[in-house]
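There are structures below to look over.
Here chain A shows up in two complexes: once beside chain B, once beside chain C.
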Partner chain A sequence: MEIIIYGIINSVSLALMAVGFTLVYGVSRLPNFAHGAIYILTGYLTWLLMNRLGLNYLFSAIVALGLTGLIGAAMYQLVLIRVRGMPISEIIASYAIGLAILEGLRWGGLKGGTFRLPPFIEGSVNIFGVSVDFQRLFVVVLGATIMGALWLFVNNTKIGLALKGMAQDERAAMTLGIDSDRMAVVATAIGCMLAGVAAIVLLPLGSIVVESGYQVLIMAVAVCIVGGLGSWTGAIMAAFIIGFAQILTVVYFGAHFQVVVALLAIVVTLISRPSGLFGRQKELEERV
Partner chain B sequence: MSGPKGDRRKERLDRGIKVRSDGVYAISSWQEITYLIAPRLLLILGLALAPLLLSAFPYWQRVVSIICVYALLAMGFDFLANYVGLVSLGGGFYVGVGAYATALLNTKFGLPPFVTIPLATMLGAMICTVLFLPCLPLRGVYFAIVSLMYPLLAARIIEALDIFGGTDGVLGVDGFANMWVDQYLLVLSVLVLVFVLRRLVEEDIGLVFRGVKDNDQAVKASGININHYKALGVFIASALGCLGGACLTHMYMWAGLSQFALDFSIIPIAATVVGGGGTLIGPVIGCLILVPISEILRDFGSLRIAVYSIILTGFIVFKSEGIMIYAARKYEQFERWVEI
Partner chain C sequence: MFEARGLMVFYENMLALNNVSLQCGVNQIVGVFGANSAGKSTLMYTLSGIMLDIVKKEEMAGRERITVRGRIMFNGEDIMFQKPSRRARAGIILCPERRRIFPECTVLENLKIGSYLATASQARETLDYVLEVFAPLKRILKRLGGFLSGGEQQMLAIGRALMAQPKLLLLDEPLLGLSPAIQYLLSKAVKDIRDHRGMSIIVSEQYARPIIPIIDYGYILENGAAVVEGGRQELMDNPDVKSAYFGT
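Take a look at the complex of A and B:
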């Protein structure tokens, strides 16, 4: 029972981490390697607003999310737009931005367990004999809500449909008057905000440390690759597969191997099914 | 390239001396010979004399060796990315494998450094190639992501299984006889290998490598096994990295997890972008610029990684051709604005 409950929680956390990455990649074919850095940055901004300016928790989280969205848009508009279509430069540039943010924060004194966000609601509850704290339950609820909201957004709003169009066929979308660069800015901003949402929900479970930025990037990439880059259902399924695999490894082998699972999952997936579990067929050609 | 202003465009003409001296037969005067040789000689003599000139500052002498280690890695990255088309973000993996190989050969079998270094280079390169074999069919982003995972995975596995000394690393590796040995070993390796690689990519095999990068389907259609060539490319690049790692281990008399660290993955990339990708000499120049900056910033800890990331981003965005290509253009061509 413990394995099932913690497996679900872990899987939803992974899905939350990965959803922003997969959105940006799906829409603009841009692997946003700054994803982990944005995650930590949002957490840190929230902490700053709360502790330095003394703002209310909810309010500072919203402001931090807004700032993150702006940072994402600026990152695309100022840097990434110039390297669109050059995969090597895209990776290197976004990875470099991520490193600059993370290592800059580390230099700025972000280390150790001193930076913590409080949980939304203290306390825990018993589910089938397993004690689960409210924050973890909240992760699951919010994760489900966000997935639902995103689905509605993509299928029912004009911007959402434009994003979907871009993801399906960029050229066709452009002939229909969808501004590809503007949509990519929107997608990057939303992707970064999703990373931020994940940060605000997940960071109260631990403390804000630079290392988890790299972890989140690895996890997001792992989930997206296993699920097939750019595929939503794939990402969610993959989050559950990796999430349960991780919990099982922790239970039967030890916590050290948790990251190894994700890395092995990537390597095995790429070798055996390069387009991922749910990758579309046309991607096969560009990968192999 | 700067954009056109009004009705003007920039015209570029080869200098007469370049036109004449490009074919070797046409070199007819000392002036032309100097024109061809001067920049090359400047680099060779500069690197060869650097340890001597810096002998008053032992700290900076050490930095020369470190520059060379990074230069080897950066050359490997440049070769793999711009000639074979595989972007490897995990340079640390090569260094780490080379470092552990040489440390184990030295401590377990008691072999002296001048045996362990070549042996570890070859052995390490073979290990890297075999480990990368399954990923070779991947292209672009996918290979980059997987190669990024390798050093992280290796460090985690060593940590988790507690093999090879676990988190402490392998201690008690023999040092070099004296500082001059490692300095000149590295400086000479860099110079020789730059020359060798630049020749290699001009040979037939270099043509195939570039074919694999530009259009692997066409290469396949010509009945050439592209994975064979990709494996060869990885072998060459990882041999360079392993050589660097092996020398580093004997220099510090220690091999540990930090040799899989981020520094070894990011500096070579930054150096290649700054120096000019595809020239093979550019990465060396990039290292000559970036590594001293990194040493000056050593007191600031992780700020230095942030600094090169910013330099890297700046170069990618504003000067993606890199210093070497820019300088070569200025050296070989006239530029002037002409009215359209």
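Take a look at the complex of A and C:
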């Protein structure tokens, strides 16, 4: 029972970490390697707003998310737009931004366990004999809400549909009047905000440290590769597979093997099924 | 209303379009005919602005150097270096070669994505029209774009382009790979679209026969150059055109 409940929590956390990365990659074929840095940055911004300006928790979280969205948009508009179409440069540029943010934060004094976001609600509850704290429960609820909201957004709004079109065929979308650069800015901003949402709900479970920025990036990349780059259903499935695999290793082998599971999943996927579970293999290739 | 003058496109040193000039008046259907690699798609990409994106991507990736020269006038404005999305906003909509349906979206979603530039009421009204002129789509609105037959895909592609409220519709090889019966249906639909929706249409095709009855004016492209042009009857009477494009 413990395995199932904590497996679900862990899987949803992974899905939350990865969904922003998948969205950006799916829409603009841009691997945003600054994803983990943005995650930590949002947490840190929230902490700053709360502790330095004395704003209330919810308000500072919302302001921090807004700022993160702007940072994402600026990142695309100022830097990444210049290296579009050169995959290696895209990775290097976005990773460099991520490094700059993370190491900048470390240099600015972000270390140790002193930076903490409080949980939304203290306390815990018993589910089938397993005690789960409210924050973890909240992660699951919010994760499901975000996925649902994202689904509605993508399928029912003009911008959402345009993003969906862009993700499948950029040039066909262009012929319909969809501006690919503007959509990429929108996607990057939303992607960064999703990383931020993940940070705000997940960081209260631990403390804000630079290292978890790198770890989040690895997890996001692992989930996306296993699920098939750019596929949303794939990402969610992969989050559950890796999430449960991690919990099982924690139970039977030990906690320090967690990251190994993610990396191993990348290797196994790349060897056995390079395009991932739901990768864009040319299965639906047009029939003439 | 729409005029391209002296279009030249080079892929490295290979000349793909050689000084092509072309005009399309209000509510006219203009045909562009030519064999494979005559430059039809290059012409369509240049007119719609997709060529600018191709040029940029190729340059970024350090592949082919593509050079584009010439002028394209649309309602008195030179749009040669406008982005494709900007041209689409002005009303130039390309229905690309090989249809390029969004394969993982349903038919209805494809049409909805097409209505990105339309207002809600325009979208509703156009959707009704599209389902009327391409009635077979009505039964398969929930099917994924990738699982349609060639004819259905083509109907969807044209319908999707219509949703964007074109003033000038560019159809790149709409009959490619379709059976004669569907070719006939589609060319009739194209004429219906012009007659009832009031737009100019430039259509490129390899085979002139199914399209020529509906055009007002036509151009024959050979090796990137417009070698013959004329009205419908003129083209049909031209002995060279007859032997090359009608097979008689």
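Observations
What we mean here is this: the second predicted complex is superposed on the first by the 281 of 288 C-alpha atoms of A that agree within 3 Å, B and C clash if a C-alpha of one lies under 4 Å from a C-alpha of the other, contacts with A are read in each partner's own complex, and residues count from 1 in each chain.
As a convention for this text, contacts are C-beta pairs under 8 Å (C-beta built on N, C-alpha and C of every residue); 3 or more make two chains touch, one makes a residue touch a chain.
A quick note: this is a predicted structure, and the numbers were derived from the prediction, not measured.
Of the two partner chains, chain B is the only one touched by A:A93; chain C is not.
Judged by the touch definition given at the top, the superposed model places A:L176 against chain C, while chain B stays out of reach. By the touch criterion defined above, A:L263 lies against chain B but remains apart from chain C after alignment on the C-alpha atoms of chain A.
Contact with chain B, but none with chain C, is seen for A:G254 once the two complexes are overlaid on the shared chain. Put chain B and chain C next to each other and count what each touches on chain A; the higher total goes to B. Looking at the shared chain after the overlay, A:V221 reaches chain B, while chain C stays out of its contact range. Of the two partner chains placed around the shared chain by superposition, chain B is the only one that A:R106 touches, whereas chain C remains out of contact.
Once both structures are placed on chain A, chain A residues 83, 286-288 are touched by chain B and, in the other complex, by chain C. Of all residues in chain B, those touching chain A in their complex are 81, 87, 89, 134-135, 137-142, 144-146, 149, 152-153, 156-157, 159-160, 262, 266, 269-270, 273, 300-306, 309-310, 312-313, 316-317, 320.
Of all the residues in chain A, the ones that touch chain B in their complex are 31, 78-79, 82-83, 87-89, 91-93, 95-101, 103-104, 106-107, 214, 218, 221, 225, 254, 256-257, 259-260, 263-264, 266-267, 270-271, 274, 286-288.
By the touch criterion stated above, chain C contacts chain A in their complex at residues 48-50, 53, 56-57, 60-61, 83-86, 88-89, 93-96, 98-105, 109, 112-117, 144, 146-147, 149-150, 153, 160-161, 163-164, 176-177. The touching residues of chain A, counted against chain C in their complex, run 83-86, 155, 158, 161-162, 164-165, 168-169, 171-180, 182, 284-288.
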